[in-house]
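Presented sequentially are two complexes of chain A, the first with chain B as partner and the second with chain C.
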Partner chain A sequence: MVSHFGIFLPGCSRLHRLHPLTKLTFTLAAVIIVFGGPGKWFSALVPGLIALAILASAGLARIGLRITLRILVPLALMLLFVHGLFSPVNQNFILQLAIFKVGREGVLYAVLVILRLTAALFSSLVLVLSTHPAHLVQALEEAGLSPRFAYLFGSPLLLIPQLSGRIQSIRAAQQARGLEIQGNLLRRVKALFPLVAPLAFSALVDVEERALALEVRGFSAPHTKTYLNALQDSSWQRLLRWGMLALAVGLLAKRFVWA
Partner chain B sequence: MSLKAQLKKDFSTLTLALMAVAIVLNIVLGQVVSLLKLPIFLDSIGTVLVALLAGPWAGALTGLLTNLIWGLISDPVAAAFAPVALVIGLVAGLCAKARLFRQWWQAIISGAIITVALSIIAIPVRVYMFGGVTGSGADFLVAYLLATGRDLFSAVLITVITNNLIDKVATALLAWAIVKGLPKRFTARFSRASAVTG
Partner chain C sequence: MAAIEVQNFSYIYPGESEAALRNIHFEVEAGQLFAILGANGAGKSTLCLALAGLIPHLFHGEMNGNVTVLGMNTLKYGPSELAGKVGLVLQNPANQLSGMRYTVYEEVAFGLENLGVPSIQMPERIKKALSWVGLSELGDRSPYALSGGQQQRLALASVLALEPQVLILDEPTAMLDPKGSQEIFEIIHKLTQMGKTVIIAEHRLEWVACHADRMLVLKEGEAILQGKPAQVMTLPLLKEIGIGWLRYTEAAYLGKKRNLWLEDMPLPVTLEQAVVGFLRV
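This part shows the complex of A and B:
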């Protein structure tokens, strides 16, 4: 079953059809280069632009930009505010705002951090927007991850909507019994345990049943499992993955070993 | 007991089912907090629960996976803090092992220990990856501390500790109360739980 999930967007572009491990390797390599590569600005700019180009080629640039703005605008404003006005490294001042002076060094640093975060976010979205979480788990399992850990990755994805719905019924039930969830801080703190405990207890008591159900279905059987849908991989993708990893490690070494 | 045997015991099918449920608790309990408009996150209560019931390694893995899954389904920034979540589970489990989760006041101490431990990981991530800023109201505290002449590192240190202390103490207390309230026949199936209940 491939359903709509999280921020994943179903589609049939080339990016969507790539093997999940190829996209995961791209994201990891890009993030390593953005934060650990030599040459501050260059290392952030190039992976970010490549990631944006990949997103655009799959028709995901608009949604990617929207998510990036939602996450990064508050961060960016705060970075400029904190570092532009208060950074201890500020030496040259470029602007006077009432009693505050805007420092050149702080602003440059803030812009660098924003650029890095944008590049890292674009690179993560290449993977996250185009890959169904279940396919990523399957790919990791085929690559040798223990099926027990694959279960830990996959099962919460199906459970989240279920428990999220249960919170609403617990709230309704407790309010019907007179629990107040508004008012002063003390009253709201008092309402915490009556809302959290029933959810935790009911979820934990289910655990035994889930474990039994897994055991009965041969969860710990030592045989290799087969899959309903096979993932497409190819030799050029395998080559590309090793190439990207080698590039990331090489650039990391260039900065920290031969610098 | 050898390490391999201990790991096998720590990661039984029952523990795995527990961890999966705990990951979901971490993710959905944020809804309760926003419902009550409380100034805490409560996003590691499942992690601490697993640490109390199934030990430090299971707790650490629960924290790590929570943030990776979170990063995958809604906010990639969460993945950057996965090592922090790992430390929360690990240290909570070690506190329980040291019998620091038997009484409510010990849970408060454990909450404080967890806060100090997570700061060691959280501060470098915040300073080097995010320039010491989170995009929330806490950043005004960082700005104020910088304006009073502190460097970025110690400004972030103070902010992280004050922000997390209330949250982690509340998390430790709630987790302690939940483990104490669980039926005996349930906790009896987790060998590590006796350090809290027994």
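This part shows the complex of A and C:
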């Protein structure tokens, strides 16, 4: 799933062609509405469905669903278990499993949290699946953000391919030295440190070398930057961005100020 | 005129008590290829960082003396001001990719963009740099899809696009296979023919002997030898500090004891010199 460009999937859909800031604004607005909008079920469902429709329009729905399921299924099971059985607000019980009683209120709360997380993840995937991290960084710089901050923002996405390759090398090296990473939970937990520690240390060394390489190529030079390829923006996209932000802030205000 | 002047340069890394480099003093003339030799930990990389202005601007240790590159004192001018005039290529090819660009072509543009080069001038400079390093055909490929040798050539192209007068190479072939190393050496050879000043920290004595105009040997942070390869690489001290001699030099030295090498003939540092010398006998 990790390509040379992180989890970005190159394409030429309309979504791919949108200015990165338009997609970033959509993600931010959707997350604000999901967690802060009025009508908790409405706010949790609608942004998620819109995000899924957008992903589908770009042919990214299947991969989006696959990523979401992989991330959220274990979390969802845990939430349902904890809140269904142990939530202090449980009063009406819908199911009895041996000595455990499943509470309706806890289950509903868990479902709400799962829906919110799903919506937030779908909205984020609209951005990360269709936007090359470099274009996002460039868009942020062009918007006036300091290059260092823009790089900081984009670097977790930029470094995914490198870290993914490094993890595979470390895993192979440790397995060659007899480390068992398959098997029961305890064995997997034990194997975690020998895998994570070299990754963290080597990543720190890489960061220093990369910083040097960036500096000698004028990353902090005081010149006004120019760009080989200007990102395509348009007045309707600018209007849409302001519109989405206004909608998010308006819905937030409706809930907290005029509620 | 000297392109680089290093005067009584000493440097201690932050948190260290011992100096990484002590009283280093040398000059490099414009257009020369200057090699820095030394065992691991001798201070080669530190010297390269200082020549690129990264010391003392990014590494805030204790620095004494002066490093002047193209008339710019690195105490006053940092890497931002030196970028475009001085290029630096490091050992690890992958870590030199900005990670911020989609293709090889765009990766080369990264430095030009930082220096504010008008976008209309970029394509020509990018194409020229890619052609120097033989990557013209791979312009549309992702930088991460290249081999180690190709990535190092890309790192070199990214620096060359900035058209620096001085190029500093810190063991550029350390992580490459023989083919990748050969390709890098060929490019460096071309650059010196074009009149660029090249400083290279390198382990491969054979290449240094053939191509360097002058060389500096470091041992535990001190400059112990300096001069032309033919002078330096036949000194017994080189063997004592673990760098050793080339096989040709060693063969001629042993030959001298058995009358297979003329007494008045200097020891060879290249294959050609060795062949000529042995043929004379």
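Rule of thumb we're sticking to: the second predicted complex is superposed on the first by the 183 of 259 C-alpha atoms of A that agree within 3 Å, B and C clash if a C-alpha of one lies under 4 Å from a C-alpha of the other, contacts with A are read in each partner's own complex, and residues count from 1 in each chain.
Here is the rule we use: contacts are C-beta pairs under 8 Å (C-beta built on N, C-alpha and C of every residue); 3 or more make two chains touch, one makes a residue touch a chain.
Please read these numbers as outputs of a predicted model, since none were measured by experiment.
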Which of chain B and chain C A:L121 touches, first, second, both or neither: first
Touching partner for A:F35 - first (chain B), second (chain C), both, neither: first
Touched partner set for A:G183, first chain B, second chain C, both or neither: neither
Touching partner for A:S155 - first (chain B), second (chain C), both, neither: both
Contacts of A:L214 with chain B and chain C, given as first, second, both or neither: both
Touching partner for A:H132 - first (chain B), second (chain C), both, neither: second
First, second, both or neither for A:V113, with chain B first and chain C second: first
Touching partner for A:S87 - first (chain B), second (chain C), both, neither: first
Which of chain B and chain C A:L195 touches, first, second, both or neither: first
Residue contacts on chain A - larger count, chain B or chain C: B
Chain B/chain C common contact set on chain A: 5, 133, 151, 155, 159, 206, 210-211, 214-215, 219-220
In the complex with chain C, residue positions of chain A that touch it: 4-5, 132-135, 137-138, 147, 151, 154-155, 158-159, 161-162, 206, 209-230
Chain B to chain A touching residues, read off their complex: 11-14, 16-21, 23-25, 27-29, 31-32, 35-38, 42, 45, 49, 61, 65, 68-69, 71-77, 79, 128-136, 139, 142-143, 146-147, 149, 151-152, 170, 174, 177-178, 181-183, 186, 189
Contacting residues of chain A [partner chain B, same complex]: 5-8, 35, 71-72, 74-75, 77-79, 81-83, 85-88, 109-110, 113, 116-117, 120-121, 124-125, 128, 133, 136, 148, 151-153, 155-157, 159-160, 163-164, 167, 171, 181, 185, 188-189, 191-193, 195-197, 199-201, 203-208, 210-211, 214-215, 219-220
Interfacial residue positions of chain C with respect to chain A in the complex: 49, 52, 54, 58, 79-84, 86-88, 90, 92, 94-102, 106, 109-119, 122-123, 126, 142, 144-145, 155, 158-159, 162
